[in-house]
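What follows is a short report on a single structure.
Should a chain be cited, it is by its letter among A, B, C and D, assigned in written order, with residues numbered from 1 in that chain.
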Amino acid sequence: MTTAGIDLGAKFVKVLFLKDDEVLARTQERAGFEPIEAARRAFAAALSECGLTENDLDAICATGAGRQVSPFTKDSVTEVGAAAKGTIYLHPSVRTVIDVGGEEGRAVKCGETGKVEDFAINEQCAAGAGSFTESIARALEVPLEEFGKLSLKSEKSIPMNAQCAVFAESEVVSLVHAKTPKEDISRAVHDAIASRIISMVRRVGINNEVALVGGVAHNPGFVDALERGMETKVIVPEHPEYVGALGAALTARERSR
Amino acid sequence: MFSKFYEWYEKRHDYARDWLSKNDGEVVGCFCSYAPEELIYAAGCLPMRVLGSHEPQDVTEPHIFGMFCPFCRDVLAQGLKGRYDYMKGIMIAQSCIHLRQSFTSWRNHVPVDYSFYLYMPNKVQTEHARSYYAGELVKFRDSLQKWRGREITDDALRETAELYNENRRLMHEVYDLRKQPNPPISGREAMVMVASSFFVDKKDHNAELKRILPELKSRTPDRECGARLMIVGSENDDTEFIKMVESVGATVVVDDHCTGSRYFWNSTQFNGDIMQDIANRYIDRPPCPTKDWERRDRFPHVLKLAQEFNVDGVITIQQKFCDPHEGDMVPLKEYLNSNDFPTLFLEFDVTVPLGPMRIRVEAFLEIVGEEELF
Amino acid sequence: MAEEKKEFWRWKEYNWHDETKDWKSAETITAGVDVGSVSSQAVIMLDGELYAYSNMRTGSDSPDSSRKAMDWALEGTGLTLEGIHFIVGTGYGRVNVPFANRAITEIACHARGGNMMYGNTVRTILDMGGQDCKAILCDERGKVSNFLMNDKCAAGTGRGMEVFADLLAVPIEDVGELSLDVEEEPPPVSSTCVVFAKSEATSLLRDGWSKKRVLAAYCLAMASRVVGLLERIGVQKDFAITGGIAKNTGVVTRLERELGLKALQSKYDTQIAGALGAALFAKALVEKKRKQAV
Amino acid sequence: MAEYRTEPLKCWNKAKELRLKYYKDYQDAHKKGGIRWTGGAWAFDAIPAGLGRDVYNITGEPYGASIAFDRKLSLECMEAAEAKGWARDLCSYMRNYWGSMYLNKYAFGGDYPKPDFCYQDHICCSHGKWYQHVAEYKKIPYFCIDVSVGPYKDLDENRLMFVVNQMHECIEWLEKTTGRKYNDELLCEAVETECRSTSTWAEICTLNMSKPAPLDEKTMYSLYVHGTLAKHSKEMADFYEELRDEVKDRVDNNIVAVPHEQCRLMSDTQPPWGFLKVFRYLEKFGAVSIGSLYTFGLIGIWEWKEDGTWGPRTTPMQKGERITSRDQALRILADWNLSKPEWQHFYDPNLKTEMMLQIVKQWQLDGVILHLNRGCEGLSCGIMENRLGIAKTGVPVMTFEGNMGDEREFDEKRTMARIDSFMETLGITIPA
């Protein structure tokens, strides 16, 4: 059986095709203001990547904030459900899934089959993790990709407290004025974001094993801060940003059985 | 000169552990300055108020909802992280809703042998509060006696109340020196002195106060006084903040905080029934806003301090989300301003970002300061 | 991933000097440098009159930013740093201006600068800066009598506006005008939080709102937050706005409407208010110093 | 899928009329030479009733909620309070109330009617300050009774008498303040009526144990409110009896709230009043919120029965007692109110968790939704511990953040998205 998962996220649309246990295609497009168009493009790209036509797909399922407007299917699964399902498929021993995107963070406690037992989503004023690192990287005049790695060079913990991303930026400015090395600032920023995410994860409990999915998982500084803060190893699946789409493809397969 | 107080303040856990090794008693955590410490002390225990750690933390989210104040969160975090693992007992004298959360969550999740919720009245302005509170204190005494397996005699209570009164009198003496044109003691030193009295055996604290007082009286300050400031508001043991304020041309000369003057301002009057005497002392003390209704008795008290200590301006601070103080801030500002005291309002968190605070303080000093710029 | 993105939030940097004036004939040359969180300005005055200034983005190193701003203001004048008698630093990086003789808060400087820019009848100054927003009351000399800053939330700051311009791919200088080009005022975006307003704007656009309408909603939300601050301090006439956002007609127009009060206009650039005030204080201080020396 | 019969309540219009009459009566009180007082919904309102039959009150919380329904007025009120310098995170009922006072706008038309005095009880830090400010602003007298004597299970003579003594003191104060002679008979009558109305409300809530449920929480919000307005009033008590009979009738005839009931939930704390459509959204899933400890236990007075169940508290009259003296009336009134379920968690969240779990069991629920209400520190006190306690027993629980009276703090889209996830967790899909 071949199924497709489409993740219509706030920033990117991701498409994944799954045949048995083989991923046939992975594509993504910037969502912009016309996510449906972006989804069509990503979907077409996925078809051409594996040389299939839409008729070859047995079922399609959507997830993400825009899941209800997906042009290809009415079937959908929430981000919470998809993240859990996708992660458990890849790493069956995981019980806590942390999913961090640009503006929202989620923690999911799940059972063996990927069934969601409890979940938490960050409340207001929680300073969107993705957006936050972007703006700080800009304030420090460091490319985003390097900003994460930079923090691994620091050994020093500087507490930051601002709840708000913009005020945190002023704290960073104060650190800059105090001639704090960039790597220490980078670590302070990652620690601050990780601390907020960990706060939320603690609501559902840190149950081994723990996985981090979503685009932020590519940031080694954040992963490091998360591991230090929770005092536990964090599994990052290959292609962490596609785990939601994978979960949707798996849901499609389950439902059409 | 204040090194002992700093040491106690910074190494409070070491002090407590050391105390435990030398005494046949337990450490009892107190959750509010209304805790009637005399009873705990007379039971052979060391009362120790849980004050701020000023460390960011991520462990209280499952227990306390985000709109509750950072101080109550900071308190609970220390318990959850095991910072007070030597503390066998905890108690709260009923205070604000936020601190009750810390207490009940601590009781639920941090192992203790003994806990007591004392139903201290909120309406201290009714005469009925006196006998009621004395009655509740009897229950607390009974409960402590049962836990410790020893009697708390009236004589022991009287002796303790005298020891506490002495501590209050000595700290008053230090505060009096702050009325001088250039006080021999900084606001930061005063804060550390009072804060440490929350953890240290009053006998030790009194001895140290007696040791430094003569020296202090003849101390020549090595700094200019600058603007004389008063600081008023919710729980505050943020010495870093005071340090910053005193580094930009000002001296904090008096305060109205539960972690400051409010803690020791009045003393126990002995009228025969020691339990009633102790109860009265807490009913009559300068009130927390939580207990300051229907009249606002705190305001004239604050004004009197501002006048007696001849302050140039008042910084009103408040822990973020602290409802009792938020309910007082607007009328307090009006009241002080109408009595010609300028005010600056600041909001506190577990750690205070010094950069943004500094500009507010400096701008305030430019307002209250002399007019050299014009 | 590192695709080339146009930076819509970037506003134009510039310098200027008055070619009709000659610094050589001036008795007192003073300067003010305002190193803000987002922008830095340097102002040079000859005997209390504006002579030259620069306005640029603050970099990640504030002493460096202050030097660059100063050099740029001096550019083409023939004047050198050594020729300036007294320099006051202000703004976030005020203590990091290596060549300044004194640091004074931007609150005092905006009041003093506003006093010159808008005349001595001005009593309320709203400084809408990069990361905070200040409502200042002052007397006829430009001395601050009271002030308020936003505490809990950064809604209503220039930083928020930059983030927004970038998201909508609208050059920041055009935001105000475009936001006024709507037939009917939309409801304000419910979330003025910079982080959440972004996701709200995205979903509004996806719901088919025009960019102009989204901008209008955001400017309105921003204006209402700031009006709250002004109402708390109690606006007194005359009223003026300084800082970068003063140039955003979309916010200013709505703010004036909600307040029921017109803001004063000035021939000076609203962004130099802080540096201008600093330069004026520098003049007062150097004169006082000379008197004492006599 | 089963489809049940549903129809509107017959007494719906009466409920509405009663509510409007209450606000109108207050407004017009002075025209008839009557007395107007203001205070909290938890105030012992049976006590001022002893001043005469022409005493009218307005309770601040339902009044603040009424303002919240009118989103435009609410925003004006919030802004008016903020302009005075009050913090945005203070009680949102209080800010709505103060705003209405500052703007001199009564939510039901006309000017804000100036009360003759403030009178209430102190349940949370905000309540003490709320009417202190009203009294100062309007220059009127203020009396407040402290009830912070601990949970009901630990009530003893010393604690009860602290409250009763203040009540006696209050009566003297009322006489002095109003210049009227106090009538003990009216007090006794009011206390009896209050016991009757609050026990009857609990009885109505127990009828919702019926599966499918005859009432949903959104409807209950419009009905429990009568108790928050004037729990001592005969009109309200009679209305509750009429309502009880109708709900019984609905149970007998299988008339239900949600036609496709397939999931039973409860919520807690006050809802975001401007967004009751959250409950309509739940209905799409065939999910019915059968109530909450809040709707059940803020006005309803309950007790643990001998068989371990939880039910309406037996009134003194049901026990054959008659209330005949001032002291007796005050003792009963204090004791009765101190047993209020929504009061217990102020001392210990575990007491609330225990009651909530009992509701889950007795009312046969599938899950719990907790509103993390930024507008009320009192009822949010310990709510995260409640969440933990409920989750620990394996009962699914979700939270969403909002504010009962300040719509700026509620994010509709994100809340609905959260409900989607929760329903998915429960395995509930929208019926075709």
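Just so it is clear, a contact is a pair of C-beta atoms (placed from the backbone, for glycine too) under 8 Å apart; a residue touches a chain by one contact, two chains touch by 3 or more.
Everything numeric here is computed off the predicted structure, so don't read it as measured data.
Asks: Looking only at C-beta pairs that count as contacts, which pair of chains has more of them, A-D or A-C?
Replies: A-C
Asks: Hey, how far is the Cα centre of chain A from the one of chain D, in Å?
Replies: Measuring from centre to centre gives 42 Å for this pair.
Asks: Where the centres are mean C-alpha positions, what is the separation of chain A from chain C, in Å?
Replies: Distance between chain centres, rounded to whole Å: 37 Å.
Asks: For chain A and chain B, let me know how many angstrom lie between their CA-based centres, rounded off.
Replies: Taking the average C-alpha coordinate of chain A and of chain B, the gap between them is 45 Å.
Asks: Taking the mean of the C-alpha atoms as each chain's centre, how many Å separate chain C from chain D?
Replies: Between these chains, centre-to-centre, one finds 49 Å.
Asks: Send over the residues of chain C in touch with two or more other chains.
Replies: 92, 132, 152, 191, 196, 203
Asks: Give the residues of chain A touching no fewer than two other chains, as numbers and ranges.
Replies: Answer for chain A, listing residues that touch two or more other chains: 65, 104, 123-125, 167, 170, 173-174, 177, 203.
Asks: So which bits of chain D are touching at least two other chains?
Replies: Where chain D meets two or more other chains at a single residue, that happens at 84-85, 89, 372, 384, 387, 401, 411.
Asks: Sort the chain contact graph into one of these: line, ring, star, complete or other.
Replies: complete
Asks: Which positions of chain A touch chain D when the two form their complex?
Replies: These residues of chain A touch chain D: 65, 77-81, 104, 116-121, 123-124, 203.
Asks: Quick one: in the complex, what on chain D touches chain A?
Replies: Per the stated touch rule, the residues are 372, 384, 387, 391, 396-399, 401, 409, 411, 414, 417-418, 420-422, 424-425.
Asks: Could you list, by residue number, the parts of chain D that touch chain B in their complex?
Replies: These residues of chain D touch chain B: 84-87, 89-91, 122, 124-126, 128-130, 132-133, 135-136, 142-146, 148-150, 158-159, 161-162, 165-166, 169, 346-350, 372, 374, 377-378, 380-385, 387-388, 401.
Asks: Tell me, which parts of chain C touch chain D in their complex?
Replies: Checking each residue of chain C against chain D gives 152, 190-191, 196, 203, 224, 228, 231-232.
Asks: So in the complex, which bits of chain C are touching chain A?
Replies: Against chain A, chain C makes touches at 1-2, 37, 59-62, 92-93, 95-96, 131-132, 152-154, 157, 159-160, 163, 191, 193-196, 198-199, 202-203, 205-206.
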